[in-house]
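Next, two complexes with chain A in common: one pairs it with chain B, the other with chain C.
Entry: the complex of A and B
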């Protein structure tokens, strides 16, 4: 590896590191302006989030849905299909899994029960994803707007479903029947972390292999790089677009099933963890690189948990994490500009030095 | 039907619809300017929330509704200029930037609100004067709804005419559309592409901020984190539905303003519909409307494409 290629390989890592540092710095300034102590806040964040076994295992548990959602976002975003509808797909998937799982629990053995419930989640997500996908290829409607609208529809629809037809009549609050503890996702041996984490890691690995080793992945990549090239190469662009959004939505639904089967044990009305925009920020910070998504998923999971910890222990509103996420995305965009400018300057120097 | 007389109810519903349409209309008109100049501002939602918070904060501390509206507008301009700097000068991806601003606007306002007021929800004790237009306000049913409104509402309607005139009849409007369609040709013809785009996004931000401030200061008199519930995105869709014509944008805003106010209206008369279904209506209706009306519309030629001198 010569110097130039090493530099270009390491640049994104340094760049994303700087992006995170810049976001935390601006966050610290904001905290000071409001009379809060940023050092104390960050100390709480790191000591509880990274320095305690509780923090680490909770981070790993929260990492599962982020990994699964990101696997789906990778497929869509690499193909330049802007699936902003992850939240809606997640909710519909979670709701269906929450309906199916308690009915099957005890009726059939654990493994097929979990498998079928997860499948219900995937189908729920896909059901929500296929609508904007078809609207895009059939009517040319931009998927950014339609997927966002579908998010709001999903919030109200699932809230109504668990108030009405899917409600557990035994309890007062609007929710599905509870899955008994024995029928939840089992822990990874010798850890308190449920196997959803492994599902997430496998999901990301599958997407990595999809783009590395398959023609389908290659076609999606070409579509993402330049749709006109894809058309000229005789690819069925409409079909690819629908599949990209469908797969992406399926993963979002699976993440919903993961949270129902692994953490909550049921689907509650007006519950919306909002992994969509977090996943969006995460996947871009990882530069749409499947393997880099794993450490970034850990980092963002750490942030989400840290937000709750800071809210409880340092009296800092949970919205602070959204501020950091937004800042990271803004600085990410600036970082891409700086890299491009530096690369151009580098290229202009090449003729003089006969290639570095 | 309950005891509410039909006539009064119709008037109330119509009036609520007109007020609900105002933030959508303002934001969508601003977006029309931005998109006509080639900038896709997906950060509208975040900008509206910022305007809503800034307006609320200033109105609460000064007890002046006008100061609140001005603050919302100012906050919107700041966002617009930031968006402009990043999208025009640094040529960053506008979709990523827009969503970043949406997250940041929602996060920042929620964070500030909770930091300043904790779990309290202070309400504003300000109001904007209502003006009754003589004679017209006396017309039964529609009169009081249409012609006994806050001044701001009339000003928004006037803005439709002004925007339409500016975009289609002035040199600035012509240059703006040229910049959005063929920035290279416009530049060659001596149009200041960068300056026009900055102006367009500043207008877009100002209107989004004002739209948010109208919501918190003039309409509801309070602020809640996330109170825009997707109205920024609805406004973007209304812009597309309106095919960047202020008159059509006005119709779209009225339509979706009515859908939004229907939820409250039906509850008042006691019609037994699940509230979730009515709350869903604007979002579902929008998708249907886009299918029926928008379809493969011709977007401005250079929408969301950064301009760089000397490179095609």
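Entry: the complex of A and C
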């Protein structure tokens, strides 16, 4: 193996590590500027997040929505459909699940109740995804813009809904009725982690198999590579685009249902965990590779939790984790740019040295 | 007509020794490969002091790549550039400027909100402070031939396209360029502006500036040039010096250049004609009208009847509606008017997948940008159009072993040089990619095969392979629509030939009635 092919084989693997390291480094500088001790902060992050059983189980619980959201993002991004509307789809799905679940709890057995509530979440997400999808294929509107705008609409719409029509009249704060503990997602046996984690792992596996083994996945891949080629090959590009966005949105909605049924037990107004950005960061760092998404989801879940731990024990703003994620996306872009220019330079240099 | 071997040896040799000191730039053996295509193939080009040198060739002949190499936008894979007797290494546009080579691009690089003078001074090397007054004085001295009737303080956005182009030229000359590269400078101009531009160019020439005019317009090249180099398929196929350009009468000279541009080879015999005339029409087009990507009329009321086993060659200079016509037949572009019928069944605007099902396949000329997924494997690309069919999938589940077997079989049958079915397509050569695309389409067992420029950019051996494959396929009964700007291959293969110009079918010929001259002229829109 010569130098170049070795470098190009190893680059994607190490570059994500470098990206993360660079983000932590800049994060450390920012912390110092805030007058905090970065080493102490990172020590807290790692010792509590990785070193305690509480840290690990909380990480696994938080991993579930990230996995589900990422499964959806994988579908959209592999098809080059830029679904930036995960947060909005998540909220509408969560809100719908939060409305349906308490009504069904006790009325029907646990399993169908959970299924129908989850379905409500999926439908809520899809409802929010179908609008930008149709706008794109009908009128050629860029889905990046429309999905972002739909996020804002979702935040305000859902918070209005739980202040008005869907509000639980029993309590003061704007929220839906609470799902009784007995009707939440049950734990995985012998663990404190609810089965949302399994749902997430299955979701990622399903997406992996979709792209590996189905004609639908194959067509989405071709569409993502070049829509002109998809048209040339006789694929129905509009339909594929709509389906990719709908599935992606459906998974986001399912993640919303997961948080309502597994963690919160209700939908609260003005609640927005913002998994979209995290999902984007981790799916890109995993280089759109379905299976690599799993370890990255664990890492990001660890970060999210770590943010809360650092906030509590080292008095660092909880938004610091958002800063880290943002930095990772920036460095990821820089990394991709560097890889391309280095490859280009190699390509230019090789013939030149041969020639003279 | 004299030999068409290419290089105008008489003129070049005679001038030889005495003008060697006049040589400003020499490009020697320049080769540049892009994925799938050899854009420049060992091109040698000499630019002399104070001459207007036209580089003529049709789209894709390699003109722009050659100029991008000289202006530092692209690095060559092989070859050397010698400037004023010294080997030069041009790696960036700055390097080119340092060697006093300036480029006037097709798309202007002016800042609309800055004045003429600011635009001209902008980017002058190693000046932190703009010395506008000084520059203005120098600029006024230079302005003589430029017919810029507006004040130098005018913002560029207020200027007409022609004036903007003049500012662009002024900018390059202001930096002391001795060689000016102009990429299709007339394409944006009105006829009057073209005249004015040529006036300016002649003025610059008189001042000793060398001008390289990249164009595909024969008349314009003849009008101002002292020397014409003709590129075809990335090769320098001929250079006509001042003697050749002055000496002969226009018609014969033009014919010779047309031959060089499109490649005139002696026509070959081919048989089986009588059989075709008797066969029933398979594909018929009635009054097909279609729009191009920019909404302009690309194909206008074309009608055709094609019979089984017939190869119908469509000759024409690139961009005269051939691609759009192919896409209409393949169901990839809407016909706004007219009907397409296959075996008597109307299939107008039925869409790509229905067209494929009906038996019409299309080998696109855009091999990497449309016809394939370069980042995908050979096997992936070979099933792109048949992924929904058995044995490649069953109830929406892929059958990878069938996909692999298909790839192995086609790689073998079409003698494709590929390490294996899972090799990334973009790592293959252009010829092998084209073989694969052809293999993919033929595996669909088409009734009609539309080929757009099937041999463009390929080496001779592959060209022969492709042409033989097409002939063999026609003998099996397939109708073949062969679109090409290579007249020799049209003549070598077609049973009938149509010439497209400006979206219309100007004429059709039976193979034995067709001659290079008539078709060559029709391709350039000249009716005889």
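Worth a mention:
One rule holds for everything that comes next: the second predicted complex is superposed on the first by the 330 of 356 C-alpha atoms of A that agree within 3 Å, B and C clash if a C-alpha of one lies under 4 Å from a C-alpha of the other, contacts with A are read in each partner's own complex, and residues count from 1 in each chain.
One rule holds for everything that comes next: a residue touches a chain if its C-beta (ideal position, glycine included) is under 8 Å from a C-beta of that chain, and two chains touch if they have at least 3 such contacts.
All figures in this text were calculated on a predicted structure; none of them were measured in a lab.
By the touch criterion defined above, A:52 reaches neither chain B nor chain C.
After overlaying the two complexes on the shared chain, residue contacts for A:148 are found with chain B alone; chain C is out of touch. Of the two partner chains, chain C is the only one that A:233 touches; chain B does not reach it.
Looking at the shared chain after the overlay, A:191 reaches neither chain B nor chain C.
Put simply, more of the residues of chain A are touched by B, taking chain B and chain C as the two choices. Overlaid on A, the two complexes show chain B and chain C touching no common residue of chain A.
Contact residues of chain B toward chain A in the complex are 42, 46, 86, 90-93, 95-97, 99-112, 114-116, 225, 229-230, 233-234, 236-237, 240, 274, 276-277, 279-280, 283-284, 286-287, 290-291, 294-296.
The touching residues of chain A, counted against chain B in their complex, run 30, 34, 36, 82, 84, 131, 135, 139-142, 144-146, 148-153, 156-157, 159-160, 163-164, 277, 280-281, 284, 316-317, 319-327, 329-330, 332-334, 336-337.
Considering their complex, residues 212-216, 218-219, 221-222, 225-226, 228-229, 231-236, 348, 351-352, 354-356 of chain A touch chain C. Of all residues in chain C, those touching chain A in their complex are 75-80, 87, 331-332, 351-356, 362, 364, 366, 369-373, 375-376, 380, 384-385, 387-388, 393, 396-398.
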